[in-house]
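Read through the structure below, which is laid out as structure tokens, and then see the notes.
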Amino acid sequence: MPAVQPPKDPESDPRVKAVFDDIRATRNSDFINNIWRYLAFDADLLERTWEEVKAVMATPSDLDPLTKELIYLAVSIINNCEYCVHSHSAAARAKGMTAAQHAEVLKIVSLAAKTNHLSNAMQVPVDPVFIVGEE
Amino acid sequence: MPAVQPPKDPESDPRVKAVFDDIRATRNSDFINNIWRYLAFDADLLERTWEEVKAVMATPSDLDPLTKELIYLAVSIINNCEYCVHSHSAAARAKGMTAAQHAEVLKIVSLAAKTNHLSNAMQVPVDPVFIVGEE
Amino acid sequence: MPAVQPPKDPESDPRVKAVFDDIRATRNSDFINNIWRYLAFDADLLERTWEEVKAVMATPSDLDPLTKELIYLAVSIINNCEYCVHSHSAAARAKGMTAAQHAEVLKIVSLAAKTNHLSNAMQVPVDPVFIVGEE
Amino acid sequence: MPAVQPPKDPESDPRVKAVFDDIRATRNSDFINNIWRYLAFDADLLERTWEEVKAVMATPSDLDPLTKELIYLAVSIINNCEYCVHSHSAAARAKGMTAAQHAEVLKIVSLAAKTNHLSNAMQVPVDPVFIVGEE
Amino acid sequence: MPAVQPPKDPESDPRVKAVFDDIRATRNSDFINNIWRYLAFDADLLERTWEEVKAVMATPSDLDPLTKELIYLAVSIINNCEYCVHSHSAAARAKGMTAAQHAEVLKIVSLAAKTNHLSNAMQVPVDPVFIVGEE
Amino acid sequence: MPAVQPPKDPESDPRVKAVFDDIRATRNSDFINNIWRYLAFDADLLERTWEEVKAVMATPSDLDPLTKELIYLAVSIINNCEYCVHSHSAAARAKGMTAAQHAEVLKIVSLAAKTNHLSNAMQVPVDPVFIVGEE
């Protein structure tokens, strides 16, 4: 149940069309998923968000694409974004995530949530050896 | 400033000593960091937590050790666990994380937080293609 | 799918009726939205919650009504309360929020989420100039 | 206690210097606060973050500067970003926030947190009237 | 709408069957609720999760079963886990939680959320008397 | 490091003095902890917060005082409120919480955090039997 109104004919706005065209070209697919259709209610918001997603996630970098997707998925689980859990689980599978790897991500995420809260509950002081000094 | 009282001489408890010995053996290091010293206020809690951390993080699996550490770090950032951010940043560096990769993790985590909240704010409906069917 | 049972005939309880009457009078509308119908399962919880919402949100104060509603909406997005995102998006529109302003709220909320996590990830020390001293 | 190492002489990197110069020009002040000094460990991350903060927060728009700052502060409180609570409380005061308005922000943020959790606890169904239809 | 694929015939895997049998025996009921059916996509994850839930929640201890369930419910509300809010509200009712007690849990959870955020917003210093010293 | 300025001589304001007097009388102690000293920057905020804390936490009800305190502590851990973790750990100890019970709260809170995220990660559908019907 949406809380904003996506435009009925988004590509009639040339700024929206340019973004959608770039999404299709970058992904080599005709499919535009809902987050982009909804962000199109504001062309500036759409442009900025896609530009950043493309730069961070769709550009070769020092981390491989599957690792990046798994980190994105982990954050989406902790933030409990239903849409994002679905879209990034699907994206990770498309990038080769196996069921065993999916299970492993769930084990790490839920273990981290567990120890994060244990640490916060005890207010454990940071070991001095972990602190990064000035250069 | 701790909220529980860690035991002064933790290894006088043989259950605690056994865990500390296993931490040292598994990590091939004499260093026991504070989270374990604080968890030692309850031997059962210490044993269970270490057993799980060892099984998930210190056992060869379908994800490489650095990837696992980066996922753990991402969750710790989102949960805002100060201790965990420090300990897992240090652990990731020890497993080879470069400054460029650290920056990249921060870009992914903060971008995911951004799009998670955009998606929640618009209550974007999940695309049917993302849904996993029964086998 | 509710997790508590709202009363079938809430206004048969005079305490509930008094709150519903005050909601209708305050808002100059006959519509009672679901949060109040569900809170009615406990008259005390209903009375306290409405009293506070009325005092904070429906009483003239040092912030204008739309600004107050946008802050409420921002919190609801971060807490990922589906019901609240819908009800406060609607309330903000009723108080004059334009689509451009709605987009702007989303930009600020998602940018703040981004920089909040960057700051937490780096554990940035607070600049001394920001600290408030004792009077 | 930082978790990344800020560069000792950040402006020796011309990309960092360009951002710092723009921050000073935009704010008409020589002061560069810590978040920018720490983000300087990665010039790309620094450039992107400042570019977005400048576009969203320092550009005239459909919301007045104080309202925008209060929304940013509200999000920072909910995400419990210590640095951000301090920097955005200070920024809001610099933009004219009175003590009475500060108290009011706290009342709204804490009331919203309260009703968000009441709503989530009861899993209140969204009233159909709140749903936004397709155009 | 699930994001992982639960096995169609989970008990054909003897490890899964052993866990399901133990759930039935421990609870003295034939009903296996969905969380276990979904966790069965990875037998190791299922075994570990059930073993911990059984040890913490289904074993006599220093807190009575209803108190333990109410704490579990409170956490589930704050983490906004829809499934968990439903399953632990039901579990608490099965252990004797009255409607008045349910309302009271909601009052405490929402009040705590309120004062947690007030405290974070003001960055209140911890009173020295609250700090736990070393033994 | 506070983000608001507590009044230097709070009891010179008769509204503040009345609240502080009631705190002392209710708790039968001369000690006023920092949260109240900071809330005193706005008498209305102070009055409302104390009135609610007193009604929910300091009034005999359907849950015993220690159970209520443990629920408050659990929420404070999940919300990562440093001040609140300290003050409510201390309050729970004052109400009789043993070290073993404290460890048990930590086990439940961290286990719940774990299963909450597993459930959200898999987007487990709610079992129909958990849904509460209309009366």
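Per-chain residue numbering starts at 1, and chain names A, B, C, D, E and F are given in the order in which the chains are listed.
The rule is simple: a contact is a pair of C-beta atoms (placed from the backbone, for glycine too) under 8 Å apart; a residue touches a chain by one contact, two chains touch by 3 or more.
Only a predicted model underlies this, so the values are computations on that prediction, with no experimental measurement involved.
Peer 1: So which chains count as neighbours of both chain D and chain E?
Peer 2: A, B, C, F
Peer 1: Round to the nearest whole Å and give the separation of the Cα centres of chain A and chain D.
Peer 2: Measuring from centre to centre gives 21 Å for this pair.
Peer 1: Indicate the whole-number Å distance between the mean C-alpha point of chain B and the mean C-alpha point of chain F.
Peer 2: Those two chain centres are 27 Å apart.
Peer 1: Between chain A and chain F, tell me the centre distance in angstrom, where each centre is the average of that chain's C-alpha atoms.
Peer 2: Centre-to-centre distance between chain A and chain F: 34 Å.
Peer 1: Could you tell me which residues belong to chain A and also touch two or more other chains?
Peer 2: 1-5, 41, 45, 48, 52, 78-82, 85-86, 89, 100, 105-107, 109, 111, 113-118, 120-123, 126, 130-132
Peer 1: Looking at which chains touch which, would you call it a line, ring, star, complete or other?
Peer 2: complete
Peer 1: In the complex, go through chain B and note every residue touching chain A.
Peer 2: Touching chain A: residues 1-4, 31, 33-35, 38-39, 41, 45, 49, 52-53, 56-57, 61-63, 67-68, 70-72, 74-76, 78-79, 81-84, 86-87, 89-90, 98, 100-101, 104-105, 107-109, 111-127, 129-132 of chain B.
Peer 1: Which bits of chain F are touching chain A when the two form their complex?
Peer 2: Listed in rising order, the residues of chain F that touch chain A are 77-78, 80, 82, 85-86, 105-106, 109-111, 113-118, 120-123.
Peer 1: Within their complex, state which residues of chain C touch chain F.
Peer 2: Those residues of chain C that touch chain F are 1-8, 48, 52, 55, 126, 130-135.
Peer 1: Residues of chain C touching chain A in their complex?
Peer 2: Going through chain C, the ones touching chain A are 80, 85-86, 89, 99-100, 102-103, 106-107.
Peer 1: In their complex, what parts of chain A are in touch with chain C?
Peer 2: So the residues of chain A in touch with chain C come to 1, 3-5, 41-42, 44-45, 48, 79-81.
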